[in-house]
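Note that subunit A is present in both complexes that follow, paired respectively with subunit B and with subunit C.
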Partner chain A sequence: MVESEDYVVKKKKLEWKGIIYVLPAIIVLAFLDFYPIFESVYYSLTDFNSVHFFKYGYVGLANFIYVFTSSDLWTVIGNTLVWSIGSTVVMVPAGFLLALIMNQKKMRGKTIYRTMYLFPWAFPAFITILVWSNMLAYTGGVANEFLNVLGFKSLDWLTSPKYAMISLILVNFWLSFPYYTFVYTSAVQSIPQELYEAAEINGYGPIRTLAHVTLPLLRRQIAFITIFGFIFTWNNFYIPFLLTGGGPGISTEILITYSYLQAFSYSNYSLGAAYAVISIVMLFVFVVVANHYTKMMKILD
Partner chain B sequence: MEKLVLQDVVKVFKKNVGVLGINLEVREGEFFVILGPSGCGKTTSLRMIAGLETVDSGHIFLDEREITNFPPKLRNISMVFQNYALYPFMTVRENIIFPLKILKMPKSEMEEKTEQIAKTMGLSDLLDRRPGEISGGQKQRVALARALVREPSLFLMDEPLSNLDAKLRGHMRVELKRLQKEFNTTTVYVTHDQIEATTLADRACLMNNGRIVQMGNPNDLYDLPVDTFTATFLGDPAMNILPGELYVEKGNTYLKIEDYTIKMNDIKTEMEHPRDVKVGIRPEEVQLGDDGIPVELNLVQNLGKSIYEYFKTKNGETIIRQDVVNSRHVLGDRSMVSVDEKSLYLFETNTGGLIYRYGKKKYQEEYLQNAIN
Partner chain C sequence: MENKLSNKNKNASQNSSESMYKLNNHYKRMRIAKRIVSHIVLIMFALFAVFPIYYVVITSLNSIGSLAQASLGDLIPSSHLTLSNYIGIIYHHPFLLWLKNTLILTGVSTLVGVLLSITSGLALSRFNIPMKHVLLYMMLILTLFPFTMMVIPYYFMFAHLHLLDSYIGLIIPYSAGALIYSSYLIKNYVDSLPKDYEEAAQMDGLSRRSALFRILVPMSKPVIIFALLIAFMGPYTDYALAGQFITSKSLYTMAIGLYYVSQGDIVINYGTYSAFAVLMGIPIFILFFVFQRYLVSGFSLSTYK
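Showing the complex of A and B:
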C-alpha cells in the first residue's frame, strides 16, 4: 500500500455554521435538563425553606453535614436499595421469561395474550394502585380474605414494617413486568430464526438453546434493560407514595419520596434538594460502573 | 441403495401452495438438487427432511428407517442455511465446534476434528476471528465446516450461494462439488439457480406449484423437457415459444409458423383436422437464412462473450437468438429465421406437454393417439 502525506488525517476545524443547526437541541437540553439539575444542586447549598422563603443564602455543605449525620439517611438508602434491587430481580427476569414464552413458534393466540398482558401497564397506574390498596387492606381486603379462607391469619400488608416493603415490591412487580415483556419481545424477535434452527438441527434442546444461543446473543440488551429497570425503579415515586406514603414510620421511604417529604411536607426545600443530589450522584456512579463492566451502552451505537 | 426416500409428502399452508405430494429417492453419495422458482415448495420440502417443518401426510425414510415424525436432533442431518446462521458472539472455532459440544466427545477429539476440518476448508488462519470480521465467502466456508464436522448421514443446503457475488459463487460451486466428492456425503441442495443445478447435480428435480414436474440428470432435463415449464426454466435465455399449426396434406405432415411452412419428415400421422401447437426453439439453435419466418431485429444485448438478438415477427412474437459478438446485424435489419425440424420442440397448446422431439418416438406415439381421439 502506498503511503503519502495526502492520507494524513488533518484535524478538523470547528464549523461555526454547524453550531446553528444543533442550537435548538442545545437550548432544549439546557432548559429541561441542565437548568433543573444545577438549580437543585444550588438549593442544596442554601438554607432555602419556609422560614427563609424570600431571603435565603449560601450555607455551604451544612445541609449535607446534617443529612449525613442523621440516622434517617442510611435507613432511606437501605430502603431504596431493597426496593430497587428487589423489584428489578423479579420483574425483569419475569418479563424476559414471558417474552420467551410468548415468542414460541408453536404458541397459538399470541395476539390475545399480548393484548391481555398490556392491560396492567396501559391502565392508569394510580387507579390500579388504589385498587391494590383496597385489596391489601387489613380488614375486608381480598388478600386477607383469601388467606383466611385457606386457614391463615390476616397479614398487615401495608401497615407493618415487616411486610410493607414486600407488598410494594409485589405491586410494582405486577405493574411493571408487562413493560419488560414488551421490551424483551422486540429483543427476542431480533434474533434470526435460523440461529435457533441451526441449534435445533445440531441437537440442542430448549434449555441448552437458551443457555448457548439466546442468552449470549442478548447479553447487552439484558444488561441494558436490567440497569435501566433498576434506575427507573429507583426513581419510581408513585407506588410507595400512594400505597404506604413511606410508612409505617419511614420503613418504606426511598430517596425520591423522602426528598419530596422534606421539600413539600416539611417545606425544607434545601434539605429535599440535598437528598435529590445524593440520589443523582449514587445513580450516576452506579451507571458508570455498570457500563464499565457490561458495555451495555454499545447497543445504542 | 436409496439413502433418502420421500413418499407422497404433503404440507398444506393457508396462504402459500405448500407441497402437494412429492415422491423422490436420493441415492447413497449422490448430489441431488431440488430446483424451482420461488414459492414452488422446494425449501419447505427441504425443511421437512430436516424436521424443521412437520409433515401433514406421507412418509420420509432415511437409511431405510422412517423419520417422518422424528425431531431434528434424532435425524443426524446437517444443514447449511442461506444466511449462514453463524453465531456472531462465537469465534470461528467455537462456531465449528458447536455441533460437537453436545455430543459426549472428549475435548481433545473435538479440537482435533475442528482443526482438521478448518484445514480442509482453508480456515486455519481465521479460527480466532468472529463472523463479523470475515468475508461472505469465508462465512460460507465456516457454515460448511460446521455442517461437515459432525459427519452427518445427510447434508442439506438451502440456497447456500445466493448471498455471494457472482464471481465467488462460481468459485464456491467448484469447491462444493469437490468437497461433496471428497466427503462422499449424500447431499440435497435447494436452489432457484439453474446453473447451480446443472453444474452441481448428479440428479435434479424441477418443482413448480408444490409438485415435482420432472426428475432426472440435468442434461435430460435440458434436452427432453416434459413441458413448456421445464423447457423455459432451464436454459438462459429461455427457449423461444411460438404458436404454430400442424396439418397433414397428401400423407405428409407440415408445420406452419406464421406465413412459413416446413415439412416434418419425422412425423407420420393420419389426422384429419389441423392442430394448434406450441413450437419451441432454443436461442442457440436459431439460424438466419434465405427462407423462413420474416423478422426484424429489435434489440441487441451484449454479454461480452456473446450477444442476444431480439427479433420481432410479423405477429408480434419475440424470437431470441444467441450469436457471436462481432455479428454485423444492425437494429431494424430484416431477415428470415429458418427452422430446422431437428432442433424443434412441439408442445400441446393447452397443457404445455411435450409432443414432439426429433428422434424421440415415445412422445410421438402419445401424440398420435391424442390426434386420433
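Showing the complex of A and C:
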C-alpha cells in the first residue's frame, strides 16, 4: 500500500543555488570528518607508533594480519556483541513500554514521572558513570551495603569476569532508558488520536490496538531507533572505559576501548586504527543488511 | 440487587443486560488493576532513575572521609549535613575559573554550530539540492565512526595550524559536531511541517528565501531549542579531546578539572568529589528542566513512510 506511493516520483528541478545553504555542512564533512577518517584508515596501513612517530611508513596489511592472528580479536568482538545486543534488547523495549504506559488515556502524574526520568539524561554521563563506579565498589559501595543488609554476600560487581559485563549493561540501561522513553513518547504522540478512537469503537483491546495500530504505523521508526541505538552502544566508549577499563583482563574490552587502549596506552597508533577500521567495516555491513530488511532509511526521504 | 432483577423476569434481553453489567464491572476492575500496575512500573523506574543522583547529592553534603567509611546510614539526611565540601572546592580549587572557561567554550561552540545548522537543515528539507541524498547518508554514516579515529588526526591538524592549547582549536571540532547533528535533526523536523504556510506567504509576494526563513524558523523553535540542548551537552562534558589539547592550567575546563581533582584521590576525598559532581551537574540540569517540553516536541521522525 504505502510502498506503491513511493514510486510516484515528483520530477523537481535541481536547485543548484541551494548548495550555498549547505556549504558549511559540506566543508565540515570534507575537512573535519572525512579527511581525518581517511587519514586514520591510512594509519592502519603504516607502522605509526611511538618509535616511528616522525618517520612512519607504509607496511601494507601487516597490522591486519597481526590483528587477525591474535586471539584477542575474537574475544573483543564477542564482548562487543554481548555489550551491544545485551544493552539494546533491554533499553529500547523499556523505553517503548514506558512511553506506551505514560501515553494511556487519562494517565495521572505523567509530568512528574517524565521529570523524574529526566534525571539520568540531564546529569552529565561522565559524572554519573563515576558515581555508579562508587555505588558498585566492593567495599563501601551502596549496592553491596544493600545486599549485606538483606543478608546476601557482597558481589564483585566490576572486578569479576562473571558480573562485570552485566554491571556495564545495567549502568548503560540507567543512562539510556530515559532517552528512549522520550523518543518513543514523541513517536507515539505523532499518531493521530482518531485512529485510537476508531480502534476503541471497533472494540479493540490494548493488545490488539498495539498490534494493529501502533506497531504497524511506527515500524520504520522503531527499526531506525533500534538500529541506531545498537550502533550508538557499539561505539559507546565512556561506560566500559570509566567503569572497568576493559577489565578484569580483557573481559569487558570492546572494539572501541581496545582501539583506544592500543593507540593511547601502548602508543601503537596504527594498531589502534586497525581495530577501529575493523569495527567500522562490521557496523557498515550491519547497517546495509539491516536497511535491506527494514527499509528504515525511508524515514529520511 | 442483581438477584432481584433476574428473579423478576427471566427473559433473554434482561439476561444479556445483566451479563453486560457483569462484563462492564469486570472491565472496570481490569482497568483499575491496569492503572495500578502501570503506576507501580512507573514508580519503580522513577526510583531507579533518581536514586544515583540522590546518592551523590547526599554524599556531597556528608563529611565522610573515604568511600570505605560510607554506610547505608549516610543515605538518610541527618543533622550532620554540611556544606564544607562545597566550600572546600570553591576555596581550594579554581572552580569558578573552570566554570567560566567551560561556559564560554561550550556556549560559543553550541551557538556557532546550531546557528549554522539552521540554514542547512531548512535547505536539506525544502530545496531539491543536487546530491542531497549523498549528503544525508554521509551525515548518518558518520555515526558509525568511533571518535578515537578522530583524536589523532585532529591532534596533527591542529598542531599544524598552531591551534593546540587554545579555545579556537576546541571550538572548531565542537561546533562542527553540533553542526552536522543539528542539521540532521532540523531537517527531520521541518519535513514534518506542512508546506501551506510558506506557500501562502509566497502567494502574498514574499520571495522563496524570505518565506522559508520568516515562516519556518519560528515554526522550528522546538527543534532548535532541542538541538541547542543536545549540542551543549557534548562539549560541556568532553574530556577525550579537551584532555589531549589543553595543557595550560588557566584554560582548564570543568571536565579536566574534575579529572584532575579526582585523579587518584576519589577514594580518599570522596565528599569533595561528590560535591564537584553536583556543582558540575547543576547547570545542565537546570537547562534540561527549563526546556523539558521541547525534549518531546523537538524530536521528530516523520511518520507514515
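Descriptive notes on the structure:
In this section, the second predicted complex is superposed on the first by the 276 of 301 C-alpha atoms of A that agree within 3 Å, B and C clash if a C-alpha of one lies under 4 Å from a C-alpha of the other, contacts with A are read in each partner's own complex, and residues count from 1 in each chain.
Definition applied: contacts are C-beta pairs under 8 Å (C-beta built on N, C-alpha and C of every residue); 3 or more make two chains touch, one makes a residue touch a chain.
If you're wondering where the values come from, they're calculated on a predicted model, not measured in any experiment.
Between subunit B and subunit C, more residues of subunit A are touched by C. In the superposition on chain A, A:219 makes contact with subunit B only, while subunit C stays out of contact range.
Applying the stated contact rule after C-alpha superposition, one finds that A:195 touches subunit B and leaves subunit C untouched.
Of the two partner chains, subunit C is the only one touched by A:276; subunit B is not.
Residues 217 of subunit A lie in contact with subunit B in one complex and with subunit C in the other. Within the complex formed with subunit A, the residues of subunit C that make contact are 34, 38-39, 41-42, 45-46, 48-50, 52-53, 55-56, 66-72, 75, 116-117, 119-120, 122-124, 127-130, 133, 135-154, 156-157, 172-173, 176, 179-180, 183, 188, 192, 233, 236-237, 239-240, 255, 258, 262, 266, 270, 273-274, 277, 280-281, 284-285, 287-289, 292, 295-305. Within the complex formed with subunit B, the subunit A residues making contact are 192, 194-195, 197-205, 208, 212-213, 216-217, 219. For subunit A in complex with subunit C, the residues that touch the partner chain are 2, 12-16, 18-19, 21-26, 28-29, 32-37, 39-40, 43, 94, 97-98, 101-102, 104, 107, 109, 112-128, 130-132, 134-135, 137, 139-142, 145-146, 149, 174, 177-178, 182-183, 185-187, 189-191, 206, 217-218, 220-221, 224-225, 228, 231-232, 235, 237, 255-256, 259-260, 263, 269, 272-273, 276, 279-280, 283-284, 287, 297-301.
Across the complex, subunit A is touched by residues 50-52, 71-73, 77-79, 81-83, 85, 87-90, 98-99, 101-103, 146, 150 of subunit B.
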